[in-house]
Every structure is written in structure tokens, then in C-alpha cells.
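The following pair of complexes shares a single chain, chain A, combined with chain B in the former and chain C in the latter.
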Partner chain A sequence: MSREWPLWEVFIRGQHGMSHRHVGSLHAADAEHAVKNARDVYTRRNEGISIWVVEATQITASSPTEKGPMYDPARDKVYRHPTFYPIPDDVGKM
Partner chain B sequence: MYAQMVKSEATKDDPEMLAAFQARIDAGEKIEPKDWMPEGYRKTLIRQIGQHAHSEIVGQLPEGNWITRAPTLERKANLLAKVQDEAGHGLYLYCAAETLGVSRDELTEMLLDGRMKYSSIFNYPTLTWADMGAVGWLVDGAAIMNQVPLQRTSFGPYARAMVRICKEESFHQRQGFHIMMAMVKGSADQKRMAQDALNRFWFPALMMFGPSDKDSVHSAQSMAWKIKMNTNDELRQKFVDETVPQAEYLGLTVPDDTLIWNEERGHYDFAEPDWSEFFDVISGNGPCNTERLNARQKAWGDGAWVRDAMIAHADKKAAPRKAAE
Partner chain C sequence: MDALFEFLLRQGDNALVLGHRMSEWCGVAPALEEDIALANTALDLIGQTQLWLAYAAEVEGKDRSANDLAFRREVYDFKNLLMLEVPNEDFGRTLLRQFFFDAFQVPWLDALKASSDQRVADIAEKSHKEALYHLDRSAETVIALGDGTEHSNQKMQAALAYLWPYSGEMFVDDDTDHAMQAAAVAPLPSTMHAAWQKTVSATLSEAILTVPTDPFAHKGGRTGFRHTEHLGHMLATMQNLQRAYPDATW
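Up next is the complex of A and B:
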């Protein structure tokens, strides 16, 4: 078997003013090829106006087993949300 | 269905981990590729998603057969778009399977050497233009029955692939029905072709859901894992209930003398397909099994030098950049 084309992750900006969003992945020999394939595979129905591709091996992801230490500390910090601070109605909109 | 008779793999995992995993699924959580999962869950999904992907790819062949002979330029563009979608659907699914630790090329090799299957339906020939109507209407219609509930499947990448596919697929069924509408309003010959296509595709379409699995342990395991959402019989009944009135609208006769509305059940009673034919087809003896596999093997073999050349070119371009780092 020949060497397999590397895997690329594809991100697409759907409309002006939106951020690029992960839509899936595909195989391609290089970045230019990946953009061309992404255009055919992921934008057949006007889904995008801009494409990013990143080789999958270049992505560093957080580990699901670290979910606790990573995200739990944020849970008890409700004072980071505006609703934590009651403001009397008399003050008006704030 | 596009994935037929997928056996769930036995799991020999730690009972506590298994219970915690099942609890996540029962709570409606999605399982993501890096999460812990039972080996059986992983293997069953690879087989199921792989078979689903292969069906999309092989499914291009019976329709590709008519692209150059479509009756009008518009029909040709429609069919081309549909077949192109199927390539895309295969790719979404291969990508979902790859997140489980199998490579694209491995999946392809397993299709080509017969270790993995594709849906029985694509081993039937498409003899006339009316078959393009019947395939879109019945085959895509049956596929949608299965794929809509799979949008809620427990494995995240599979569910997301299904969402994309379902969004695109409803056009497939409608374009098929549209062809049928044109045929039945045409000449007597055209109407006869439409009836003939329905006659040939009705039972193979019913077979797509697979044999009754209400007592199957594999099915029970897959349903507990939410990688199968309904029994084969439920989906088949739903398909018949929705399709019969559509055939009536077309003025075509479903080729089943026993077909009758059962007021008490609120469903149609209908004849089972010939399951011996189904088993014969999935074991390789359908009318087109050899032709389909040969076509895939030829495409893979003929394309090898292109894949190699693209990689060689990419390596060559990357070499000066690497040296400069």
C-alpha cells in the first residue's frame, strides 16, 4: 500500500462576520490540495466564503480525563457573571 | 439499511467502566473520539460506519451508469449533483470512522478484499432511466428512514455526519420522485417503464432494512449503545406506510397482492421480501456484486500512481522548506 495522504481538519467561515467553524476533515497530499478538496466536499451548497485547513497532527487537544481539573474551577466563580450583582430596578438599565 | 446485519462485538471491559459509560449514554451525552469507550462499541461502530460509507461510494455506480444518458441537460445536472453528494457522504462517514482509530486506506482495502460489506441494494442493475426515479424515490427514501434517527446516535462524529447527510439527502428522494412523476405522465411506454422500475426495486428496497431483528442480541446491544435507534421491522413498516400512498399518487401498483391497510393496527400489512435472495446477494451472488467490486478495485488500482505522484510532489515541495528551518 502506498503512503496515505495526511488528514486535514477543515474550518469554514459561513458568512461575513462569523468565525471559522470546524466542519470536518479530509485527506489531501498538501495544504493547497486540502483547500481544493474542502471546497468540493464542504461548500457544495454555498456553505462558506472562506476555508482554513490545518493538518490534523498539528492540533493539540485537551484530554477528556483532565476535564475535572481543567473546567471545574470555573463552576464556583459565579461572580464572573453579571447576574451575580443585583442592582435595584430604580437604577435603571445597566 | 446502508449498514445491514452489523453484529455487535463482544466487550470484555471492566464492569464499572462499562456501567459508567452506559450511564453517560442513557443521560443522552455524546461520546467523543478521545473519551473512554468499550472495545465492542468501538469495533461495532467501525464496522457500521465503514459499511455505511462503502454503501455511499458503491451507491454511486448504479446511478453513474445513467449520467451520460440522462434524457435532458437538466436531469443530467441533477443526477450529477446527487452522485457527487454521495461521494461527499461517503467521505463524511469515512472521516467519522477514522476518529475511531482505523485509517481511510485500511477501510478501502477491507471493502476491496471483501472483509467489509456495502448495502445489498447496490447489487441490483439499473436497466432503464425510470430506475433513476425508483432509486431516488425508494432507495434514498429508505435510507432517510434510517438516517434521520441516527442524527441522535451516541457517537458524536457519526451523529454530526448524519446531520449533514440528512440535510443534503432530502433533495435526492425528491429528484427521484420528480422523475417518476414525469414518467407516469408521459407515453404509455414511459408509464410502463416506471411500473417496471417499481416492480424490480420494491422488494430489494424492503430488504435494505435487513431481516427482522426483534429477538437479536446484537441489535439489543446496539440499541442500548444508541448506535441503532429502531428495529429493522419498525423502520420497514414506516417506509411502507409512507411509500404506498406515494405510489398511489403516481398511479402505480405496488407489486404485492397481499398489501392492505390494516385499520386496527393503523399500518399497512405487506409481504416480506424473499430473505433467501437477500442472503444470497449479501454473500456475493447478486446480479451485480462482481461488477461493483471490480469497478471499485479498478478505480483504486488505476488511481494508485496519482496518489503516489501527489505525495511525491508534496514531499518535494516540503523538502526545501524543511531544510531552511
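Up next is the complex of A and C:
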């Protein structure tokens, strides 16, 4: 058994933030402990009002070696960007 | 000595001495995350110190500042609890001491929010929130270490045996306390004992630690009558800069 605490990824929602953003990672014994550590490590300067933590091993990530097949096909599909539609002014900020 | 001044010194010195002890972990704590957490706690306590001692200096009215009170008083002028000045020894004992103090501060500061003295109430209002988090954290760590490995349990039990005789000093009322109660500035410290006992019993039992039964209690710190030999060493470090370079600015 490893003597190291497991690694946790930390997500913080800021004062005016709409969503939680990944801010970094830390070590902690369990989830509760990870929230406290996140509070102490990542919100010291009034950065956040909500914290999520997830154990790093629970994250399934795409493989960097599959970059080509995964992302290249989207590169020349400019028509997928909604830039060809005029947006009326009175719609306001989208 | 003016009772209010004495009372404010006690509040400020408790926060200052414990804050300094906690700061001694900066850079050497067992994990980076704990290092930062302990430094945060230390900074909260030093922040509380500034508020208490600034008000103490005003009440004294002898043109001294919070800094003068912190860095230019001698051992016997300090009014902190003895428990707070003894060395950290190890991480477990440091956190157990913090827990004992937090378990007192939470009901104490909560009560001070209703103080007849508005400045005291304001300082308590701000500090109470910090104390609630400190207690949450220290209690959790005490449980994790007590109910950890056989080795960590033994170390915590040893820490408990060492610190327990110092815990009684928190609840001894004296003339200053009675004067503060009469002026509705603060309740008697002894009235905090039931709440403290409740928090401590619940946490220690969850931490599988056996509470000592010896009623002996060290005292003398908060009256300034008798400090341990450790405070002088601590102040020598803490006050060195102001002693060597009086009024240094940067």
C-alpha cells in the first residue's frame, strides 16, 4: 500500500463564475479532507464560493496519442461555427 | 491594572502565542497541504491578535501600539494560557492543542458577540467564523490521528497525557473575569466548560483516545503569575527583530 495520500483534482467556482473551473490538484486522505485542503490551498485570496474535488484516478481522459483521429477532423469544418448568422442587436450578449 | 485592558491582553496574547507556535510549522509540516493550512491558521490568529492588542493599546492609553505590546513586553507581562506556549513537539500534539483551544474559542467567541463592548463584539464576530473552521479542521485531524495506526494512536495518547493538565486553566475565573462579567463584557470562562467538555469528549471518543481522570491543572499563564520556561525562548525568537533593530521599517 502506498503511504502517499491519493491525488485529487480541484475545481473552484468563483464569485461571478458560471461554472467550476479546474484550478489544480492536491493530496488528501479522503474527499472531506480534500475539500478542506482545497479551501486552504486554492481559496486563500478569496477566489471561490464553491469547491468540487474528484479523485484523479476517477477521471477518464482522452489519449494524447489519438490526437490526430480525435481532433483533426474538426479543423476544416468552419461551417460548424455560428459565425455565418447575423445576430440582431436587440438579442444582447449571447 | 485596568480590568478591560487585562482582559484584552489575555485575548490578544492567546492568539499571538498560539499563532506564533503554529507559524513554526511553516516550511516543515508533514505535507505541503498541511503546511499551507497551518500557516493559514497562524495568519488568522495573528490577524485576531492585531485586533485585540490594538484595542488593548487604546484602552491602556499610554501611547503604545499593538506592535509594542506584541514585541516589547517581557515574559511576565504576557497573559496567555500556559497550554499555548509549550513547544509543538510533534504534529499530533500541535493539532491536539489547537483542538483544545478551538473547542473553547468557538463557544467563547460566540458568547462575546453579545458583549456590551461593541469593539469586543465586533472582533468576536470576525474571529468566530475563523474559529469554526479551525475547530472543524483540528477535530478532524485529531480523529484521523487517534483512529489511525497503532503508532499514531500512541503518539496522540501521549500528547493527551501531556496537554490535559494544561487544559484546566481555561476555566479558572479570577477578579478580572468577574469584573468583565459584571460589566457584561464577557461571561465567566468557567461557564464554557460544559460546551468544551461536550466537544472534547465526543471527538476524543471518536479518536479512540482515553481521557485522563487526573484533575490536576497547571495555572499561572493568564494571570501572568508563572509561565513555563518555554515562553522566554519563544519570545526571544519572535521578538528578536524588534529588539535588535528597534522601530525597523521595511
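Throughout what follows, the second predicted complex is superposed on the first by the 78 of 94 C-alpha atoms of A that agree within 3 Å, B and C clash if a C-alpha of one lies under 4 Å from a C-alpha of the other, contacts with A are read in each partner's own complex, and residues count from 1 in each chain.
Simple rule for what comes next: a residue touches a chain if its C-beta (ideal position, glycine included) is under 8 Å from a C-beta of that chain, and two chains touch if they have at least 3 such contacts.
All values derive from a computational prediction rather than experimental measurement.
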>> After the superposition on A, what does A:Trp5 contact: first (chain B), second (chain C), both or neither?
In response: both
> Between chain B (first) and chain C (second), which does A:Leu26 come into contact with in this model arrangement: first, second, both, or neither?
Replying inline: both
> So, does A:Arg44 touch the first partner chain B, the second partner chain C, both, or neither?
Replying inline: both
> Does chain A have more residues touched by chain B or by chain C?
Replying inline: B
>> One more residue to check, A:Ser63. First (chain B), second (chain C), both or neither?
In response: first
>> After the superposition on A, what does A:Lys36 contact: first (chain B), second (chain C), both or neither?
In response: second
> For chain A, which residues lie in the overlap of the chain B contacts and the chain C contacts?
Replying inline: 5, 26-27, 29, 33, 40-41, 44
> What residues on chain A touch chain C, complex-wise?
Replying inline: 5, 26-29, 32-33, 36-37, 39-41, 44
>> If we count contacts the way the header does, which residues on chain A are in touch with chain B in the complex?
In response: 1-5, 7, 24-27, 29-30, 33, 40-41, 44-45, 61, 63-64
> What part of chain C is in contact with chain A in the complex they form?
Replying inline: 31-34, 36-37, 40, 133, 136-137, 140, 144
> If you look only at chain B, which of its residues touch chain A in the complex?
Replying inline: 32, 34-36, 81, 84-85, 88, 91-92, 95, 98, 103-105, 109, 160-161, 164, 168, 304, 307-308, 310-311, 313-314, 317-318
